[in-house]
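Letters A, B, C and D mark the chains in the order given here, with residues in each chain numbered from 1 onward.
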Amino acid sequence: MLQVGIIGASGYIGVELVRLLLIHPEAEIKLITSRRFAGKKISEVYPAFKGLSDLAFSDVNLQEFSKLDLVFTSVPHGKAMEYVPELREMGIKVVDLSADYRLSKEVYEKVYGEHRGYLKAVYGLPELHPEVRNAELVANPGCYPTGAILATAPLVKLGIVSEIIFDSKSGISGAGNEPSERSHYPNLAENILAYNITRHRHRAEMVQELEKFGKVKIHFTPHVIPSIRGILTTAHVLLKESISEEEVRRAFKEFYKDTSFIRFVELPKLNDVRGSNFCDIGWRIDEENQRIVVLSAIDNLIKGGAGQAIQNMNLMCGLDETTGLMFPPLHP
Amino acid sequence: MLQVGIIGASGYIGVELVRLLLIHPEAEIKLITSRRFAGKKISEVYPAFKGLSDLAFSDVNLQEFSKLDLVFTSVPHGKAMEYVPELREMGIKVVDLSADYRLSKEVYEKVYGEHRGYLKAVYGLPELHPEVRNAELVANPGCYPTGAILATAPLVKLGIVSEIIFDSKSGISGAGNEPSERSHYPNLAENILAYNITRHRHRAEMVQELEKFGKVKIHFTPHVIPSIRGILTTAHVLLKESISEEEVRRAFKEFYKDTSFIRFVELPKLNDVRGSNFCDIGWRIDEENQRIVVLSAIDNLIKGGAGQAIQNMNLMCGLDETTGLMFPPLHP
Amino acid sequence: MLQVGIIGASGYIGVELVRLLLIHPEAEIKLITSRRFAGKKISEVYPAFKGLSDLAFSDVNLQEFSKLDLVFTSVPHGKAMEYVPELREMGIKVVDLSADYRLSKEVYEKVYGEHRGYLKAVYGLPELHPEVRNAELVANPGCYPTGAILATAPLVKLGIVSEIIFDSKSGISGAGNEPSERSHYPNLAENILAYNITRHRHRAEMVQELEKFGKVKIHFTPHVIPSIRGILTTAHVLLKESISEEEVRRAFKEFYKDTSFIRFVELPKLNDVRGSNFCDIGWRIDEENQRIVVLSAIDNLIKGGAGQAIQNMNLMCGLDETTGLMFPPLHP
Amino acid sequence: MLQVGIIGASGYIGVELVRLLLIHPEAEIKLITSRRFAGKKISEVYPAFKGLSDLAFSDVNLQEFSKLDLVFTSVPHGKAMEYVPELREMGIKVVDLSADYRLSKEVYEKVYGEHRGYLKAVYGLPELHPEVRNAELVANPGCYPTGAILATAPLVKLGIVSEIIFDSKSGISGAGNEPSERSHYPNLAENILAYNITRHRHRAEMVQELEKFGKVKIHFTPHVIPSIRGILTTAHVLLKESISEEEVRRAFKEFYKDTSFIRFVELPKLNDVRGSNFCDIGWRIDEENQRIVVLSAIDNLIKGGAGQAIQNMNLMCGLDETTGLMFPPLHP
């Protein structure tokens, strides 16, 4: 049984880690931290956990983590770098869910600012990076990049893509559990809000990962929709040369042939993946063969966050990647 | 043309007053105040008003109100009492939308705390209080009491009612435009939240108004639903003696025969009144004739707030009560 | 490993049975039927199941059920009685999710019409009926009665209750997966709809079960809210005599001391139980001690349907009642 | 006072025409038709209209229209062509809200099929087509093209655009008032659905209108979001050459300098235009100056339907285009 801890367990992603690890057959949560709720039981703060867990939040004291096999750091970017190097020195495996280890130092500092604890990590998209299996430090991808990269990497690899416009639509849980203007019900209900329209920081991850497969221009515009969970990515893939439906299908099948959580469906929909670790993918080639529209749907808190982190943990610790993650979506 | 001002014009009700007065053919807004947004145009703060109004918020300076015919005070309870007495001394008619003048001084102090500027006012439910027509100070009713009292006064007047349980369901705009735990989209969407379950302050208004028609026990439990606007009141009316459908219908028709905004419908629904000043009412007598369920639907910001305030203004200023208010609901 | 079948597996409750049984460690689904989708894989009809199940729907042929341990009948009332007697003659345990076996024959025929296959069954609310453990035919309760009865039985048992008004608010999934006027998004969003205002058939179950604990008048008014899953029951409990908070708490604790899925919380909320088999209960005593408001929250498709049916299966087959059901709610 | 009629007044757009014309100071509705509801009052079918209108639906009998000044045809494509030629022969002005007169005959027949009553009409986007003022037959634009064309025509006119990807998000009312799989609440709530992903027929209008300003490749992918009203268009405009923020602003200002309903805002949002005839437009130039993202927000039933039709009526009949249309959005 793996002994794990979670630094930053009171945000939506942290809580989701707790929720999923509670039903994981091979892992046991030993420690959860939260500055804000230190000393309180998780079931006091989140009544959803009543009867399910006696865990209590504590303050961060890295010494207490020394006997653990793996730690999830689920804190804001800039904050993870305060813990990760020390945890790694203690020999503890780390899955970091912040942005701190996803990019090269150079790109990170351009996009996020100074990095005060850089280490090399594996980018934790196991469908693209089998080397997660031997990794000791994995940088869990951003929610938007997960949906965007998975939707288009097979096409970029074919060498036929000139440019991609990612028009993404996310549930509001991606913005965290603090009430804000954007999450205020009258501002979001019956609405859809574009934000960071040409300059969302997640774009850097898309560029980094997709350019491994070939040169391609990447545009990204995110929106929040009146939904709690889920990201639908509409990838408008502009082509350099035409391609047949058959070739596209073959490319996707081949690319994902050894994976567990990619499903090809006619129409990816949030309510077919909500509550699950799946990434559903579907596509259409437009009539003049100048564009392929690829849609992907994920649960932003699971495949786009806590579920993917556990998938990484499984691989880092020698388990089957599906262990504890093959639960069905909540449908309807 | 009436010259009017609004003290506290940046909250949902204040903004709704602006919105409705902009299309009122006999009134003109001269002044709007907001501490928070003083100096800013309303169209800067609320882009919905772009191209419609050049009004700018100012700080409250009561001297500037001296030439107005009527002022709406749309500030929190406890705050209105700082302005209303002085406005009345200046001879200006006032419609107060706070709770400060709705109750007797005794009841007010029991429910809300000390009153530091008490004046006698008319309770501004024009369907019950024709004396609004000559009033100089009108206390605009709470949103919940509007729906609750209109739904049941005719039955209480018949003398057949022993007890009423008001189970009310409100859109979240009633809680104001400040983001909060309750208005946080993930907390409200796909949910319904009971609050102030046995002790909401609006109950005092229901008791005051309904007991004018007869002795009756009043219970009240409010909920917020995932809706921006609207209050559906489910009034469970327990009977002392049985009554026929015919008698009930006659009682409602007679009671509201001279009114403009009461409609009798098979099934009151929020989306039949949203954006309008109507109060839709419908009822069912249960099989053993021990209960009548009366439903009423209003737009909480209009008939439950700004619209009713303008209806009161119309009557206080000698206009037809429907002036500027006979617009259709936004359907669908 | 239990071998089970589901007659009527394509409606929301039937699909939920499949979903939950797929993660049940001691049961295996051998057969699922659907007239409409016979011959199709469940993953073709519901892409949510892709990668999770190879089950295909078949037409009903009772002979194929002969080797099963237990069958769930999840068909409309009037339809279950066509299958249940024969299944019972074949010696197969049955959990019926229709209304056909919930009431006495006399009451059934008054409420639903002629019964052409009556058998005596245990009412499958295990928190009230430990005899589920030895039962061979269990009638799974209606969704509304589950929330209503669990919220109030302990108080009725105390002998202090004169009358209860159940004002229930349900997600629309309770109305099934067929598009209808009521489920049409523009008719339900930002709205709340009362229906069967004084005469919903589920009331008969509430009367039957609660009167086992004492004489009490029962009123029931259901509403649908803009939510997919969940029932919040607001039980307005009118008292014959006053009672202290302490006594109420003791009554609830004592009543449910041997149960697994009842949680006492400050404020029951749909989003604390969604996706789980819990029933959250909370209460407030009103100031004059004439009313207790009890709130209960359930997921209508789980504790109000498929989850409770599996809880019954567990007990009928000698398993712990929590087997395969102790998963956390989807929060947020 | 203009005397007008509406053929097909029971769908969402037809009902919206009634709603808006009821508050129009210079037009009076004389006739409304509906096959389905012939003989019924509109207030019986839609209780929202109780107390506001005594209009009753009738069957279509074109002779009864002979004295009218103008008729709105709000019927499905293929159906309008049965009425429009005869109405025009009777000398009656027509605003057709179907697709039948928006395109050239050639394009129409390629996109929609055979045309059995072709006439030349003015494309009723008054911001682009001042010739609406003298027109006798106006083809009211589709809802998506309205948002898409208004967002981008000024840029195409500049000659700097190579390609546009319109990623549009619409409220479900655009799909009509008939319940369907897509409009079923559990299928749409907390979701977003792409449809007609590469082949929506509205694209032909975008191509026709935008190519008047220059050669440009047009892609279009629509989605429905959990919203009743509104279309947000995210136009990803790919550039042939770079341009400054200042030039873009000047181009938009110049292009729309004589219009009434275009507003430039920082962030176009559905809830700033809902219930109004405005089209809000905003844009961002991306960092490498290869893309401009233009956002536009409209109420699909008003600026994208009935409101625009009345704007056209105003112009065709010599009124100011804003007559009866300068009402504020419903905010919040």
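Basically, a contact is a pair of C-beta atoms (placed from the backbone, for glycine too) under 8 Å apart; a residue touches a chain by one contact, two chains touch by 3 or more.
Here the structure is a predicted model, which means the values were calculated and not measured.
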Of the chain pairs B-D and C-D, which one is connected by the greater count of C-beta contacts?
B-D
Just grab the chain with the largest centre-to-centre distance to chain C, centres being mean Cα coordinates.
D
Between the Cα centroids of chain B and chain C the separation in whole angstrom comes to 39
Measuring centre to centre with CA averages, how many angstrom lie between chain B and chain D?
36
Roughly how far is chain C from chain D, going centre to centre by Cα mean, in whole Å?
46
Would you pick out the residues of chain D that each touch at least 2 other chains?
12, 173, 177, 186, 189-190, 226-229, 267, 269, 271, 274, 332
Touch list for chain B against partner chain C, complex
163, 165, 167, 169, 171, 186-187, 190-195, 197-199, 217, 219, 221, 223, 225-230, 232, 234, 236, 238, 267, 269-271, 274, 284-287, 290-291, 293, 295, 332
Which residues of chain A touch chain C in the complex?
12, 15, 19, 22-23, 46-52, 173, 177, 189-190, 228-229, 263, 265-267, 269, 271-276, 278, 280, 326-332
In the complex of these two chains, what residues of chain D are touching chain C?
12, 172-173, 177-181, 183-186, 188-190, 226-228
